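Both complexes shown next keep chain A, but they swap its partner, so chain B is in the first and chain C is in the second.
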Partner chain A sequence: MSTSLRLRAGLVSIVLLAAFLGIWHLATRSAAPVTTMSPEYAKLMGLTATQGKSAMPGPLDVGAKLWEHLKRPFYDNGPNDKGLGIQLGYSIARVGTGYLLAVLVAIPLGFLIGMSPLLSKALDPFIQVLKPISPLAWMPLALYTIKDSSISAIFVIFICSIWPMLLNTVFGVASVRKEWINVARTLEVGTVRRAFTVILPAAAPTILTGMRISIGIAWLVIVAAEMLVGGTGIGYFVWNEWNNLSITNVIIAILLIGVVGMLLDQILARFTRMVTFPE
Partner chain B sequence: MSTFDNPFDPDRNLRAGCACGQHRSAAEHEQAATALRCEPVESEEKRYEGVVASAVMRAMFPQDMARRAFLKSVGASTALAALSQFFPIKTATEVFAQTGAPEKKDLKVGFIPITCATPIIMAAPMGFYSKHGLNVDVVKTAGWAVIRDKTINKEYDAAHMLAPMPIAISLGLGANAIPFAVPAIENINGQGITLAMKHKDKRDPKDWKGMKFAIPFDYSMHNYLLRYYLAEHGLDPDTDVQLRSVPPPEMVANLRADNIDGFLAPDNICQRAIYDGVGFMHILSKEIWDGHPCCSFAASREFITTAPNSFAALTRAIVDATAYASKAENRKQIAEAIAPANYINAPVTVLEQVLTGTYADGLGGVKTDAKRVDFDPFPWQSFAVWMLTQMKRWGQIKGDVDYKAIAEQVYLATDTKKLMTEMGLSPPASAYKSFAVMGKTFDPAKPEDYVASFKIRKAS
Partner chain C sequence: MTDKFVSIEGIAKRYPGAGGATTTVFENLWLSMARGEFACVIGHSGCGKTTVLNILAGLDAPSEGAVIVDGQAISGTSLDRAVIFQSHALLPWRTVLGNVAYAVSSKWRRWDRAKVRAHAQEFIDLVGLSGSEHKRPSELSGGMKQRVGIARALSITPKMMLMDEPFSALDALTRGTLQDEVRRICLETGQTAFMITHDVDEAIYLADKIFLMTNGPGAVLAEVVENPLPRDRGRTDLHRHPLYYALRNHIIDFLVTRSKTFTTETPGHDPRNVPLVQIGKPGLTVAAASDEPRQTWMPGSSPGLSA
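Our next item is the complex of A and B:
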């Protein structure tokens, strides 16, 4: 039953994809060549103007270009033109650094806040105010104070990924079942040991859910941040190709951003499954 | 006489001549000044050798009479041989050409991918930086505000900026006041007003009421020129139309999406809109003011004082590249050098149309204007004064303005003049010149009167 369901679902997916590509292809077909132009003039004009080619590339154009990129993912033609593999590498490295810093801060802090009702109440207003701020709103401030654009980008990742982790850690720690803590108390387990052997495993699924939300947000934000500061990264690639109005490359970048985002999410999902326990 | 003439010519006067001292007569100077301002002289080495030999001869024979007598009696070649005996002209020339060793060799220079940055960009692939002993990374940047911040942060040692930006930064407009300086103008002309195809029949600006226009930045020549143009046609740019700051690359997309009706932008953006069939060229900015500056090469005062030799080498490289770019026959080659994704990232055809001046106007015609964009590095201080008058006119600066002091502080005409002379180019004698914008003459000596003479301006 479950295999046949999976089979049918896969079939529907493929049909949907084919339908989408077909419609895309039809929608972007060239219209008839536009009215007559002097050849001298036509030579100076682009294909859109001379042959009525749609400004939107078709799936075949995108496929061909994607193949070209995949053949040479790591070329380096100087500071402003690097292969997609290198650009993605830069973005992932930035996300990784900012995210790990956020983990190092959010989880211990979340533990403290979660275990102390006083701190929890005292810090709550700050967290509530800081949480909804769009991470990109921090960008000018970061650029101005840190005075380094790549560290600023990492800071923006840090600040955007810290809140879901912090809040989930607080929630997870605070909602560990009272009975378990009481049992630990009866057995005279010390605070540190209680934190590591009772609370951490109990709160781990919630914490990891927070981490999974965070990595998603971080990946969303890095593209926008790199478009702003430029230099390297997949966001810069999108901006650079947008500069050249190369929609084909922009679509390829969108596709790759989606794939990498999915991979990051799947990794965290796997970790979450590893720490989940049946009650 | 010119510093580059043969110093061993006995019939030559080493002192008299025109105002700049490089031509035999004032008339010849005028002619050279109008013809081409930065004509490279033969080879670099030869040029320097001439300069050095002239200096040596002058030092040895302070009296023109004595020098002439000496040269006449022994002949030029003997004189040169004799002179070389006890003064190593070759070595001196080498030392002179090298000047000080740069304090910092690996530099980062930011640019915005538009044709205005041509000298800054082409200097990398065409080797002008390395020729002057520098290892420069030219880094593409997302927008004017970012380039400003990165230069202020010292991530960039120097950068491509809109000509009014260093003035605005030095005055603290839209940023903290940080003294910046402009050793060289990048390009003159090279912008245009492009309108959406649907306005094909609305060629009279009087019909433009209520339209939306894009400009690259508030502190840009584009802003001032468009405002000037509209105001001359009786439209108040603050109330009758909408002006939006839009990064150049997004202008074409916005024009296609019908978000804006037109823009005054760098030529490669205009040409791209035409290339893609979404707009047409209304006028070139040259028709508003022929010879207007657009972008500049700028660095902070701090960089100039901490690394004066690097700065001088950088300026020399830029001046050199600008001189090369000013020659029409080099333009095609330049277009190819700066088109790849690493630099401007645009179709070569588009850049070629901008740089060679033979272009499609978007309405089915092919036009030719070799001076559509031109390159002249000299930072005229009167340009800065004009920009300040427009900042005042449109309310960007308030109160009394010391036009001359600011212009002289930011536009380094004196230093560039010295460098250009050393390089054997012929800079103009004065840093102020009068020019006409849409037929109205601007006198740099009377900026306040100029501001007051406009009927349409922001009430202060």
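Our next item is the complex of A and C:
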């Protein structure tokens, strides 16, 4: 039953994709009326005006270009022309660094806050104020203090991915089932051992859910951050290709951003499943 | 008085209530148990049974009074007093063996892995779970989970076991087998056990002494009923014993009517000298409000008393 459901769902997905590509193809193929103009003017106007061809590329153009990119993902022809693999690599490296720093801060800190009602109450106003700040709002401050655009981007990732992890860790640690704590207490388990053998495994699913939310946000933010700081990365690539008026490359970048984001989410989802045990 | 292995001395539990008033769950509660004795506490919800057990376990502290176990006042939890939780409280990320081994390695911190495993395995075998060591709690039935809970409690070879309605979440058949197991293990190991239950038959089958508590708030320990049934009693012929119904009726009468009225009807109740009710021994029976059923149910011979 479930295999047949999966099969049918897969079929529907393929049909939807085909329909989308078909409509896209038809919509971009159409020729607008060609206006007659002087050859000099036509040179300035480009294909859109002279041949009635849409500037929006069709799926075949995008497919061909994508194939080109996939064949040579790591070429480097100078600062404005690098392979997509290199650009994505820069973005993933920035997200990875900022995110790992956030993990190193958020999880131990969340543990402390979760285990101490005093700290929890004392730090709550700060967290509540800092949490809703758009990570990009930190950018000028980061650029001014750090004076390095690449590290500033990492800082922005750090600051945006810390909150979901911190809050989920606090919540997970504070809401460990009382009876599990009581088991540890009746066994005279010390605080440190209790933290690692009872609280950490009990809170792990909640913590990992926070980490999963964080990686999603970090990947959302990196594109915007790289558009601002420039230089390298998939966000910079998108902006650069917009300036080049290459809609094809922009569409390819959008697609790849989505695929990488999905992969990052799936990795965290797998980790979450690994630490989740039904009762 | 015989040796008091466990002695609860004048404990009280109060909670701050609404408007600055304090709610007293119980106060001036005195209770003692001998070594190797199996005691059951019966009373309606809200009389503070679980609080008494938590205080005995060290999970909760009394507002007043002290608890002495094996000659020492308790402060906090101890590996000497194992708790079997109502909801089994197994750690779901550990296997059966892992759950028991966690307790074993908590007691004997210097033991190596192999020794811990062997010791844990011994107690898993004791509760009849051989072959399920590597299953996780989610793969076990309710009865099996509680068996793991029992194995975990026994594995640390405690001086006493505390059980908070350990079988209340189980079906009748499983409950019966587990009662048999617990009784067998307690008799074999001479374990002192303190158990909370709502099930009168469970108390009659398992307990040497049954503590009857009145309704809370302001609950008191009303009576200590000595179980007149022989020590080698079996589940199947329990109800054939001549004193069975006398005992059962006495407890049920208490739960149905006297638990509500006891405090008003017995103004001279001394919490330090709670009457010991010995059903079937008229000379020693402390007169209680409704004694008639007991008289009618007392035949000439009491074979149970000789055992």
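Heads up, the rule we're going with is that the second predicted complex is superposed on the first by the 269 of 279 C-alpha atoms of A that agree within 3 Å, B and C clash if a C-alpha of one lies under 4 Å from a C-alpha of the other, contacts with A are read in each partner's own complex, and residues count from 1 in each chain.
The definition used in the following text is that a residue touches a chain if its C-beta (ideal position, glycine included) is under 8 Å from a C-beta of that chain, and two chains touch if they have at least 3 such contacts.
Note that the coordinates shown come from a computational prediction; the quantities given were computed from them, not determined experimentally.
*Asks:* Using the superposition on chain A, tell me whether chain B and chain C clash or fit.
*Replies:* Overlaying the two complexes on chain A (C-alpha atoms) leaves chain C and chain B fitting together cleanly.
*Asks:* After the superposition on A, what does A:149 contact: first (chain B), second (chain C), both or neither?
*Replies:* A:149 sits against chain B, while chain C stays out of touch.
*Asks:* Write the angle, vertex at the C-alpha centre of chain A, between the C-alpha centres of chain B and chain C, to the nearest 10 degrees.
*Replies:* 150
*Asks:* Between chain B and chain C, whom does A:38 touch in the aligned arrangement: first, second, both, or neither?
*Replies:* In the superposition, A:38 touches chain B alone.
*Asks:* Is A:277 contacted by the first partner chain B, the second partner chain C, both or neither?
*Replies:* Touch status of A:277: second partner only.
*Asks:* Would you check which partner chain A:179 touches, where first means chain B only, second means chain C only, and both and neither mean what they say?
*Replies:* second
*Asks:* Output check: A:75 vs chain B and chain C. Expected answer is one of first, second, both, neither. What do you get?
*Replies:* Neither partner.
*Asks:* Report for A:187: first if it touches chain B alone, second if chain C alone, otherwise both or neither.
*Replies:* Only chain C; A:187 stays clear of chain B.
*Asks:* Just chain B (first), just chain C (second), both, or neither: which does A:240 touch?
*Replies:* first
*Asks:* Between chain B and chain C, which makes contact with more of the residues in chain A?
*Replies:* Greater contact footprint in residues on chain A: B.
*Asks:* Could you grab the smallest C-alpha gap between chain B and chain C in the overlay, to the nearest Å?
*Replies:* Superposition on chain A places chain B and chain C at a least C-alpha distance of 50 Å.
*Asks:* In the complex, go through chain C and note every residue touching chain A.
*Replies:* 57-59, 76-79, 81-83, 85, 87, 89, 91-93, 102-103, 106-107, 136-138, 156
*Asks:* Residues of chain B touching chain A in their complex?
*Replies:* Against chain A, the touching part of chain B is residues 113, 137-142, 146, 149-150, 153-155, 249-250, 252-253, 256, 272, 274-277, 340-343, 345-347, 349, 353, 358-360, 364-366.
*Asks:* In the complex of these two chains, what residues of chain A are touching chain C?
*Replies:* Contacts found on chain A: 177, 179-180, 182-183, 185-189, 197-198, 201-202, 204, 275, 277-279.
*Asks:* Residue numbers of chain A touching chain B in their complex, please.
*Replies:* Checking each residue of chain A against chain B gives 34, 37-38, 40-41, 43-46, 48-49, 55, 77-81, 143-144, 147-149, 227-231, 239-245.
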